[in-house]
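Here chain A shows up in two complexes: once beside chain B, once beside chain C.
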Partner chain A sequence: MSTATSTAPPQARPPTGSDDHSGATTRRRAARVLRTAALRGGAFVATLVLATFVAFWLIQLVPGDPATAIAGENATPQRLAEIRAQLGLDEPLLVQYGSWALGALQGDFGTSLYSDLSVTSLLAQRLPVTLSLVACSLTLAIVVGVAAGVIGAVRANRATGKVVTGAATLGIAIPNFWLGLVLVTVFALWNPWFPATGFSRSGDGALEFLRFAVLPTIALGAAGVAEVARQLRGALLEVFTADYIRMARAKGVSGTALLVRHALRNASVPVVTVLGLLINRLVGGTVVVEVVFAIPGMGTLVVDAVKQRDYPVIQAVVLVMAVIVLIANAIVEILYRRIDPRIRSS
Partner chain B sequence: MAGESLTVDHLSVVFQARGGNHAAVRDASFEVGSRRMVGLVGESGSGKTATGLALLGLHDPSTTTIGGSARFGETELLGLPPQAANRLRGSIVGMIFQDPMTALNPLLTIGTQVSETIRIHEGLDRRNARERAIEILARVGLPDPAGRYRRYPHELSGGLRQRAMIAAAIACRPRLLVADEPTTALDLTIQAQILTLLRTLCVDEGMSVLLITHDLGVVGAVCDDVVSMYAGEVVEIGPTKEVLDRPRHPYTARLMASRPRIDGWDERLDVIPGRVPSASSSPTGCLFRPRCRQAREVCEETQELVTLSAGRRVRCIRAVEPDQVSFGAAAVAP
Partner chain C sequence: MSALSTEPGGSASPVGRTRQVLVRWRHEEKTALAAGSVLVLMVLVAVLARLLAPHDPTAQDIANRLAEPSASHLLGTDGLGRDVLSRLLFGARTSLIASVLAMAVAVVIGLPLGLAGGFAGGFVDILLRRVFDTIMAFPALVLAIGVTGVLGPGLVTSMAAVGIVFAPSVARLIRGQTLSTRERLFVLVAVTYGSHPIRVAVRHVLPNAVAPVVIQMSLLMSTALLAEASLSFLGLGVQPPTASWGSMLGQAYVYMSQAPTQVFAPGIAIVLTAYCFIAVGDALRRELDPRQQTL
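Here is the complex of A and B:
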């Protein structure tokens, strides 16, 4: 393939182009794409099975017993045994997991042990809240992080650049719960500009949504802003010294075209990696931030469920979060391919 | 339209580094006549690239001080305000670089990178720029230009990438082309093809070409004139045939004697004993003196670039002495 020539030493290059794509190559490429897709799909399912099974197993290790939690401390042993049998808790672990997985495959996640609501309806209430919070934080990280990264690189030798870079270094080190508490104290308690807790209900309107979302979004997304800014700045500074930037300038390319088309595009390759990691971290971090702001999302749902050993809920949340992370990573992969033709063709 | 020539006068390029200033080019003066191809030769570190970049205003102004003048036709190239410099680069003065893999943007198609020049300077829309770009790609000898237009740099071989880069640089028919070691990364066959292409552009399109190279063989094959550079100083200038047949500066003679051979291709010119003096020191006298076998006491005085005949200048005391000797190959043999 043509990619082989790019890594070979110059002397070894064939004198003419080796970049012809015959029909056979195209067919081989199609077969490869199919195989890759099958492998990816398999890995996707395997990851979900593994994640949910480990969650299942971990719940068993946690001291305490859902039957006791349901029936109360003073329940008779018979009552406890009854409840266990009812929940299937007396079965071996694998059998329990199997019946859970079978249900989940049909969209039946069971019923919460406490609220008597179906887990599906709980998810329907909570998932949109968490998704919107994660989406807002991600947007914040990208928009502000990219702007700060560009300023930090373009003005690297000037005061503005140094301030931005310093702020980014600091931002990475600040834990989200601490930032959340500070934000609540300053912008909700001392100055009652934003609500301290809760989240808007659907149908409240965009303004109301923003009022509730601003502080938790900042708390959750600040570290991401800093991370994106730092990575992009570093990548840009390196790209600025590249030969193709000098070549572009020699052609008369300048200003925005030079920055966006030539520099930013190349610098965004390592930043996309950061975005993938960032999404994973946001999904995890939402648990803490939702607790700090008492937001009725997946995070608070799972924290309550863990406290109460409400394992059908825990299982479902683990599954959903794993799916979110996997989808996010798949999107990152697609982004990579869109940006870099060398990845596309390898 | 034709008729502009490049006149470089007392050009100096000084890099400001933490450990002190670093003079990469000192007081360099030479010409590139209209429609001529001039070879700028010298060892690694002698200031060839620094000279070329200065002509296009591509040095970082925050760390580099440029002095002297470089006029192309009526236009002073040095010290242009950024906007004027951007207009000039790619349209009047073009530059191509050594390594076609790193000098092409890996994320953009060949077509985008060639038509970009056209769109910037001639304001053509995408379709018209595409047509023009494909013409240019054909002009530089790229087979299947329309197909290659959509390809990415990594999908092309080294020789084709170099052609694509040349196409991007000459897309707007610059009157002056600075080619910085355009064939070093290529194998011999491709090298000859690229040199022929540059020669054709010079003759047919009336482009003046400054060909930067450390290889006098390349110069002998395609250049009209030679400028020999040592430690940032121009030490010898003249028509190619005269200089190669009868070098008047010992350094040029040594460059010729240490020419890379076909079998040991990437052998650089460090076979001249001694090293290029540190550019930060400002020594007096002939800079080549410590490495020169013919050095004498008089060489400790500063040497001027002396005109011997029209277009023939040398910075060496022996060249102007009545009992001058030739530094031909016989003289440098050990």
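Here is the complex of A and C:
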């Protein structure tokens, strides 16, 4: 039993150190893990620095003089000088970047040009709302997506499987904000079951939170459900043809055990990969969904900032969203390494 | 084994091979064939919008705003009294051009960089991969919003930004293909005979990497279509009075409490088109890369 149930295909094991647990091997392995961690950590920091540069460089795209663009054509020279000083536009580019990045590192993104509030305080108000919405949608995507993917694969040649698979393909074609509009029309305007707009404040209680969060979560998460389902179905179908599955089946492992212990574990590798992509999409998609439901999150913040030409806010939101995605991807990669022993050693 | 299955089949001409595939698809890939036909129809509609549209898509008739469907306005009128059907037909033009633009930017940037990274290896490869990773960390929509926020709204700038964010996915694909093709015998032979590296890359490596890129392109078209819709919905893409499906939804949102049914037609057009791109892409993947069912 034990050899047949080892979940990874045997040939995928690294040639060294899988049977032998002597001290030297353990040490060597620890050194290797440390080295990988250091390399990945270095890459993470490098990407982070590059991301700050992209966010900083955005403002350099402003056609003409940014100060004039902000204050308008009729601004007084004093006002222009004030804005230049505030944004540090008089300094050389590298100095500007240095001071901006140093500030950003300490959580200081300057002052909103529109509201005169610090950008950090704006972010602090909006970030929890957006994160909770993304977290809810991600949970929905994983739970429902995995269920649908399993049904799609196990019943691949029957009507249920085909319907689920067709629905999943349709699901990734539906724009999240349109789904939001349709949900509002049906479940808020025609049948007033849920509020059409807004979000609960902290301290309102879980029920109130759910009442506001249900429709936006479905709107944002539906495409994720479809994506996870498609990915898992494809991976499962491929795994089902593998020798070790046939072996386990021949040994009499029952359907559920086969699915959970053998197939799902191996099929989860490509699904975990798609999670990183999914988080990126969810963070991007939340912008439009927040606008549809008038949710006071980062999305509505950046859309308003674009309309008001509030450059420091735009920069900060773009950077913070990239950092969220980077951190999420780093977590996904750690998960990936835990799940797939083939990656761990390379 | 995958080396054999991705080998171009025999000496049949591309046209002949396409015909063979289409004949087979009539039985095996009915959905994809139907989806492909819908896409051809969409392109025709986009090209012939001026002939097909019953009204001028920008002509306002305020007295007759938010009208129910009728004989003269088959899908009714919008908040400014413009004919919804005509705007839908012209919207196909805007939406398709925008998607092609984003996809073209992605391929034009991603293809040479992926080829260069995979073929050159070493430091160039590491540097390029770091840059790709960074760009991919930015949600496409957020970076496009940031760029339009700075450059000002507009279809070309916003979709170019979307294309730049998509470029790394093309580049990664090409890079992977290049790495596996680079070691193949015919490439080694070409190198040994002293072919210039760029010639080897373009003549020998690239043709073997085309299939996955074509699949990726049809999926990118659907993603770009959704991105255009989002940006125009927010008012950052196409500018009034030009119609796109996304900007029509933006209009419908404004009048939502008065005329909630306005959100349906443009949305269905987006879903249908995006679905067809995905369905065709899936079928192409099954056709060109039978081993790999998923991304």
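We take it that the second predicted complex is superposed on the first by the 297 of 346 C-alpha atoms of A that agree within 3 Å, B and C clash if a C-alpha of one lies under 4 Å from a C-alpha of the other, contacts with A are read in each partner's own complex, and residues count from 1 in each chain.
Definition applied: contacts are C-beta pairs under 8 Å (C-beta built on N, C-alpha and C of every residue); 3 or more make two chains touch, one makes a residue touch a chain.
Predicted model only: the values in this text are computed from it and were never measured.
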item: First, second, both or neither for A:A43, with chain B first and chain C second; value: second
item: Partner chain in contact with A:N74 - chain B first, chain C second, else both or neither; value: neither
item: First (chain B), second (chain C), both or neither touched by A:P175; value: second
item: Touched partner set for A:Q106, first chain B, second chain C, both or neither; value: neither
item: Partner chain(s) touched by A:H262 [first = chain B, second = chain C, both, neither]; value: first
item: Comparing the two partners chain B and chain C, which touches a greater set of residues in chain A; value: C
item: Partner chain in contact with A:N191 - chain B first, chain C second, else both or neither; value: neither
item: Touch list for chain A against partner chain B, complex; value: 2-3, 5-6, 10-11, 13-19, 157, 242-244, 246-254, 257, 261-262, 265-266, 339-342, 345
item: For the chain B and chain A complex, residues of the former touching the latter; value: 53, 56, 58, 62, 82, 86-91, 94-97, 99, 101-108, 116-117, 120-121, 143, 148, 151-152, 154-160, 165, 168-169, 171, 185-187, 189-190, 265
item: Residue ranges of chain C touching chain A (in the complex, touch as defined); value: 130-131, 133-143, 145-152, 222, 226, 229-230, 233-236, 249, 252-253, 256-257, 260-261, 263-264, 267, 270-272, 274-275, 277-279, 282, 293-295
item: Residue numbers on chain A that touch chain C, as the complex places them; value: 43, 46-47, 50-51, 54-55, 58-59, 61-63, 169-170, 172-175, 177-178, 181-182, 184-185, 189-190, 230-231, 234-235, 237-238, 270, 274, 280-281, 283-285, 287-288, 291-292, 302-303, 305-307, 309, 311, 314-315, 317-318, 321-322, 325-326, 329
